[in-house]
Amino acid sequence: MSAVAVDGVWKYYGDYPALRDVRLEAPPGACLALIGRNGAGKTTLLRTIAGFSRPGRGKIRIFGKEPRDTEARRMMGFIGHGISVYDELSALENLKLYGKLYGLADPKKSAMEWLERTGLERVRNGLVREFSRGMRQRLAVARAFLHEPSVLLLDEPFTALDDRAIAVLQRLLREGLAAGKTIVMSTHQLREALELSTQVALLVRGKVAFDGPCTPEMVQDPGYVYARYGEG
Amino acid sequence: MRTIRQVITVAVKDLRAELRTKEAINASLAFALVILLMFSFAFDPEADTTREISGGLLWIVFAFAGTLILNRSFAREVPNDCLDALIAAPVPGAVLFLGKAIANFVLVLAVELVSLPVFGVFYNVKWTQQFWELMGVMALATWGMTVIGTIFSALTVNIRLREVMLPMLTYPILVPALIGAMRLTAGLVMGKPIGGDDAAWLRMLIGFDVMYTVASLVLVETVLVG
Amino acid sequence: MRDRIVYVLGILAAAILVWNGYAIWQLPEETQQGVVFKIIFFHVPMWAGAGVTVSLALIASILFLITKNFAFDALAVATTEVGVAFLSAGLVTGSIWGRQIWGIWWTWDARLTSALLCWLLYAGYLMLRHAVEEPTQRAIFAAVFNIFAFLDVPIVFFSIKWWRTQHPQPVFWGQGSFPPDWTRHFMWNMLAMVALGVVLTFVRFRQEETQREIDAVRRTAHAF
């Protein structure tokens, strides 16, 4: 069974199709890099997979379940453009909150563990609004990984990260992949992302123009996929 | 059981966030006191007639001040895209709604309870005469206001002119509940218990609350996810 | 073909109104209220029209939420707009009537007040639609609000009526008898109003569908 299966998905904004007949599959343990220009539909696709909105046509399955299914939601971790943590709460309070919402056995213990793994244990009681940008980003990563999701959906996760945050994220993603997690991440062909990828899909105007394994050529020259399969 | 715990988690989160900044509750309290003051200038506070209509005036204060708090309800999830994380969590939309509604209810009720003594002093009204009945009516009408305000806060979270749209949509729907609350409160505040005639208002308030709570619980998922 | 039916219907409605209007003008004046009572020929069909269109709007909204078919969304906005138009006309004719009989433009008569509140509710619906940019979100939010508004209508009527019962005020048009030979003309006007409602709804429906198509084309053009 695929970890993430997108089958004939169309997504409409009114009558305008942002996604057109998208078919993609990510087997368990894969790291799928979604590349494409701005406006190609990467964010729309990720958000539809994550269950934030329903496709107009077609099906999405996470390990065979619908995205809005409670079990499927428990299995997914999402990092979008925002950090999705509350400015008025402390780092620890934020993680404990999500721990409780995800039904973790010991929210405080998991929260402390992930604060350590992202290097935030010393500021655990600080309010997020006082954090630097890099710290906020690391907390966002902690939030997404907290409930040990099997599927990670990341929307341009390396964009606007400082190098400490990039290092933390890369380490966690590598460990996750080694542990069998599946990752779908949209990216602007950054080397950091392509190095981790096993599969690459190119979105052009809402359609999948290319879907295949990630080759060394692609990592060396990220513009390669565009040149061969894109439209100028 | 887990559902109740999740509802409490969401409610506590909202309350903690609000009490830490106190933005909405301070604005709401200040607004309530200012309106109470301005009504004293509009009507002669000493006159008997004023005392008779004062129960009605009270609900104008509560409705306007309450909107400031209700507006924040889903609006507080917008910075940092927190709403995404809430929707992604394995928590039913109804639980999110209920948790937020309860937090709002507590905050609005707090503002109302602080306004009451001030009202009593400004208008020389002994409002404690039918205390528990008054509390009952306030709880019922405030819950109705909270439910509508919370679900519409979800509806208006991403749209233009949110602060203007929320009151515009909420007040017409609330009018029946406000009429009922005003009629009941006007009597209670003058020391008259709820008579036979007024029982119909009580039934209407309960019906209003039940109907819109159910409608909101059913439709909130559609509003949040589509 | 559908267009032609609508044109015919429109012409028919206009013809009936003109012909019937003349006939009504000829009718003897009502004993107690004078010529103004004839406003009932328009006033009551308008309320009926409003009631029907608003109910249709609810059904269209529910159907949209179930099927996500945008035709239902177009129908919902079309019927609501026509409903608001009928409500506005009803409020104006009611107010004129009151002015003639009671000398005041407004009194908190139960029916008129309830109608005013319904007008506010559905005007809010139209404003909500204007405030949401994205078509799918707009349709969903509007449909949900429509359901909430419709649920309120019976409560509004009951609560305002009960409020007026506790504090009675003159009822605007309680008096005045309705001569039996007026019934025929009344029915013709009712028919004409229904036809008018259908025509207006259809025109607005078509306009909404076309607007959505243009919207999509524009988005496509700008995206690429």
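Think of it as A, B and C in the order they're written, each chain with its own count starting at 1.
By definition in this document, a contact is a pair of C-beta atoms (placed from the backbone, for glycine too) under 8 Å apart; a residue touches a chain by one contact, two chains touch by 3 or more.
Please read all numbers here as calculations on a predicted model, not as lab measurements.
Each chain gets a centre from its C-alpha atoms; the one nearest the centre of all protein C-alpha atoms is B.
The chain with its Cα centre farthest from the Cα centre of chain B is A.
With centres taken as mean Cα positions, chain C sits 49 Å from chain A.
Between chain B and chain C the centroid-to-centroid distance comes to 32 Å (mean Cα coordinates, whole Å). Averaged C-alpha coordinates put the centre of chain A at 39 Å from the centre of chain B.
Annotation for chain B: residues touching 2 or more other chains are 226. Counting partners per residue, chain C has 136 as the residues that reach two or more other chains.
The part of chain C that touches chain B in the complex is made up of residues 65, 117, 120-121, 124, 127-128, 131-133, 136-137, 140-141, 144-145, 147-149, 151-152, 155-156, 158-160, 162-163, 166. Note for the complex: chain B touches chain A at residues 2, 5-6, 9-10, 13, 16-17, 20-21, 79-82, 84-91, 225-226.
On chain A, the positions that touch chain C within their shared complex are 12-16, 39, 56, 205.
Residue ranges of chain A in contact with chain B, taken from their complex: 50-54, 68, 70-71, 73-74, 76, 78, 80-89, 93, 97-98, 100-103, 127, 143. Interface residues of chain C facing chain A in the complex, by the touch rule stated above, are 68, 70, 134-136, 212-213, 215-216, 219-220, 223-224.
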